[in-house]
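Below, subunit A partners subunit B and then partners subunit C, in two separate complexes.
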Partner chain A sequence: MSFLSLKNVSKQYGDSLAVQDFNLNVEKGEFISLLGPSGCGKTTTLNMIAGFEEPTTGTIEISGKDMTYAAPNTRDIGIVFQSYALFPHMTVAENVGFGLEMRRVGKEERRQRVLETLELVRLTQFADRFPKALSGGQRQRVALARAIVIKPQLLLLDEPLSALDAKIRERMQIELRNIQHEVGVTTILVTHDQAEAMAMSDRIAVMNFGRMARLGAPFEIYEQPGDLFTSNFLGSTNMFDGEVSEQAGDVVMVNCSGVELSVQGNAAKGSKITVGVRPEKIALVEAGLGLIDAKIKTRIFMGTRWAYQLESSLGTLDVTLQNAGHEVAGEGVIVGVTWPRHAIRIFAEG
Partner chain B sequence: MRRYDKNGPIALTFNALFLIFILAPLFVVCWVSFTPEGFLSMPTTEFSLRWFVAILDHPEFISAFLFSVYLAFGSATVAVALAVPAALATARYRFPGRGMIMAFFMSPLMIPHVVLGVAFLSYLSSLGWAGTYIGLVACHVILIMPYALRLVLASVTGMDKAAEQAARSLGASRWTTFRRVTIPLIMPGVTGGWVLAFITSFDELTMTLFIASPSSTTLPVRMYQHITENVDPLIASVSAVIIFITMILMFVLDRIFGLDKLLVGK
Partner chain C sequence: MKRYLPPYLLSGPAVIIFVIMLAVPMIMTFMLSFKSFSFYTGITPDYGWHNYLEVVTDSYFHEIFFRTYAISIGVTLLCALIGAPEAYILNRMTKAWRSMCLLAILGPLLISVIVRTLGWALLIGNNGVINDALLLLGVIDEPLRMMYTTQAIVVALVHVLVPFMVLSVWTTLQKLDPQVENASMSLGASHFTTMYRVVLPQIMPGILAGSLIVFALTASAFATPSILGGRALKVVATTAYDEYLNTLNWPLGAAIATILLIANIVVVMSYNKYVEHKYAAVFD
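Take a look at the complex of A and B:
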């Protein structure tokens, strides 16, 4: 039995469906990300788990108990809001202690636990400050401390890092992950940043238009995205439309704009399919030695890597190469393009 | 280099004229109150406190003042107590009749006070509440409701709803959340609304003229009755005292809350 299960959960606002037929099982101690573009229903899903919204249909179970309509204050869930939602009229210590006070924890124990938690998020010296006098990153840690001090059975994070700049964000990602490991609390993180989701989660649920598009471990769904949306959302993909010209075992030959590509997978001969390969799976070789030849249109240096755009008979190709410390082929040069056969995947048929 | 953060001569003149226009009447009233004469005049050579002493011979002014404070206090408190749930309901929920309720609470702003006075008089008489404290409070509450509601509403709509959700998720009941989070967060609007409602009630004359009785006479009504009968500087000295008290109150409020913030509900 899973710790948290959402069963066929849907939420309707007027006549628009914010969440449709959502199914998710979360195991105890797991770190799950809800990943998807703006407006796909992530916050709505979180609000239903927290009890701020009631599902139109479906059930939500926590530890096997039906909690679909339970009041928010009976769910024992810690939440970090996107806006942090700190209490501006209370000090940091009072903010963090609020949940304990509600649980009627005695004064001395309360002080002790607040102190411990502030230590965990390294904010001890700010205990008596008001939220107004804190930086964005510090507020975020207060919000986190306030949510975990009650030792909730479930921690919900709604884009907690989106207000921070890139540097602090990366540091906070690591910190958040460490704290989650230390406390061992089951966590659901909402984000629209695929790098963040992949860096932090045990599993990622990719959402699109209120539906679950893909669920799986970061590496698994990155390598086997299953559909075009997931593939594009997790990273860019070079797409080619083609027709299956031959099928032999689990390898098919696909004719894309006159180029024969061999692809692993199953598809009926004569059917029209889309295949895709990620930019970092492509290698550049000498002209004539690759699968096809292509001309370098642009080359951009990005520090850790080179980003190329190539012109080929397959259309425009995006390619990224690791920066290994030496100069690489420049604009205008004709190069050969190749990739391992398992790197190219079949997406849509039709 | 021209400085754009300074007022130019024309702007300065305009501001000065504007301030004079507003303050001159107050200044004149205070000046007149120091006259030694028995009629309204501007003292030039001789100043006297006789009309301030005279207030003590007219205890009806003092009791009217106290009654006005008592009435304004009760009315402002009731008005704010009603404005908070009304503002929360209309700002948070969409329900049928929502627009009508708002229009209803705001409508006293648009009806002439004379009309309200006549209407309330006949209404209170039929209830048997004419001239009673409760009757006066009820009428003043209706009149000052728009002022209270405006400021409370401003702070409710500006409030972060997530703070309440956070409190709920941390285990607070609805009532505790309201008490510990909602109220403190909308407190500026509540205080500002209360002060504005108090001032409006204290100042009200037209409507109160109709519904006040000899045992429930407010200060504006008492002053009005006095000048319809005799024109002496007593009215000036009473006004001067009120101006003085108001100035002290303003000073204190400004020290505690900041007047500019208080009167916009921030």
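Take a look at the complex of A and C:
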């Protein structure tokens, strides 16, 4: 019995289906991300869980109770909004205490719990400030404190970090994850940022056109994305279209623009397929020693890694190399390109 | 020095118009209010405070000032009670409906004040539409007296001034984060609590700004009280008019006008100061 389950949930606006036949089971204490491009239905899904919108069909159960049509103020859900939606006319402490006040928690206990939560998000000294006087990161933490102080059974995060700049965002990811662990609340994060989803979640539900494209642990779905969309959305992929020329056991030979590639997997001989390999799985070797030769078109140094673009008979190849501390081949050089056979994956015809 | 010149040149025409059309007549009115008047000699330049003393000591004028400000407060409160919810609903409408409703709300402002007020007279007069209908239906035996009452003035003024409140509140509503209501609901607040604790405090600056406009316009309103209030229910503006044109006591009329202006300025300024002080820490 899952803690939260969405069963065959669909949402229709006029003629367009925002969410189609969506199924998701979330266990207690789990951190799940709904990941997808804008317009994929992830926010609509979140709004239906929160009760701001009603599904056209399907049911939503929380702790075994049917909550599909329950009013938002009866669901006991903490939400951090993309805009934070703080109450500008209340101080930080009043903002955080609002949910407790609505639950008729006594004044003394309320003060105590507000203080504890502000401590958790390290904002104790800002208790009497108005939101206007806080930075983006601080507002974000007030929003989080306000959502968790009520000890909700479910925490929803709607693109909570998208308004922060990159450095603060990375720090907040870790902080948010730690706080979620500490509080132990079941959490659903909506985001379009795959790095954020992978950094924070136990499992990721990748969404596309209102449907669930892939569900699984971050490492699992990154390595076995299943379809082209998921593969491309989670990270860049070098893709080659080709035709299966031979099949032996669980290895097939694929002819891509005249190059024979050996790929693990099953596909009927003669069928047209797409294969893909991630940039970081590719190794550069001396010319002639790799699977094919390629010419280095551009080389960009990014601190932790090198980003290459190569010209080869397979087309343009993106390659990233870890910066190991020594110089690497530069632009114009011909190099060999290779990858382990298990690193290249078959996708249905793209 | 040269680069300081263009701003003065640019604002010059406006300043000249302002001086000729506003400053000069105001100063002349102010000067006039200190002169004397008698039926036989007309206006004489015996300067003194006697006109002001007359207004301040005569209970006839007390009543008029009291009525004016009572009507102003009443109209302001009613406009806030009607206008704020109206603006809230307007803000939630779809675009097409909103344009239509906005036109209906702004309608009164598009009609000449005299025509609009005479329209009210047609509606509420002793032989007006409402009385005729009620008599015909047998609800009443003799016409209700609605003309020449304070209520008539208040209703007609609310009708024309409510757009100012709606527009003012609407402006603040547009700055309201649409998610705060959801945030409040998700924290367990009911619709009513959300309205009262979250939405209302945030649109309060708009309500207060709108109140200021409505109050000032009501306190100096002339045509509506003049037509619907008649000679019996005088307000300050109609009293000043009567002093000028009926009694021909221009200096007294000028004194009344000056007092009204100063009283309005004092109310508006202190109110503004209060609002600014109250919301400085909260809103941008």
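Here, the second predicted complex is superposed on the first by the 348 of 350 C-alpha atoms of A that agree within 3 Å, B and C clash if a C-alpha of one lies under 4 Å from a C-alpha of the other, contacts with A are read in each partner's own complex, and residues count from 1 in each chain.
One rule holds for everything that comes next: a contact is a pair of C-beta atoms (placed from the backbone, for glycine too) under 8 Å apart; a residue touches a chain by one contact, two chains touch by 3 or more.
Owing to the predicted nature of the structure, the values given are computational and were not obtained by experimental measurement.
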Check subunit A with both subunit B and subunit C modelled on it and let me know: fit or clash. clash
Regarding the shared-chain residue A:130, is it in contact with subunit B (first), subunit C (second), both, or neither? second
Pick one for A:150: touches subunit B only (first), subunit C only (second), both, or neither. both
Partner chain in contact with A:73 - subunit B first, subunit C second, else both or neither: both
Per the contact definition in the header, classify A:214: touching subunit B only (first), subunit C only (second), both, or neither. neither
Could you look at A:98 and tell me whether it touches subunit B, subunit C, both or neither (first, second, both, neither)? both
Using the superposition on chain A described above, determine whether A:345 touches subunit B (first), subunit C (second), both, or neither. neither
Contact residues of subunit A, present in both the subunit B and the subunit C interface: 50-52, 71-73, 75-79, 81-83, 85-89, 98-99, 102-103, 146, 150
How about subunit C: which of its residues touch subunit A in the complex? 177, 179-180, 182-190, 193, 197-198, 201-202, 204, 281-284
Note: in the complex, subunit A contacts subunit B through residues 50-52, 71-73, 75-79, 81-83, 85-89, 98-99, 102-103, 146, 150
In the complex, subunit B touches subunit A at residues 160, 162-163, 165-173, 176, 180-181, 184-185
Subunit A contacts subunit C in the complex at 50-52, 71-73, 75-79, 81-83, 85-89, 98-99, 102-103, 130, 132, 146-147, 150
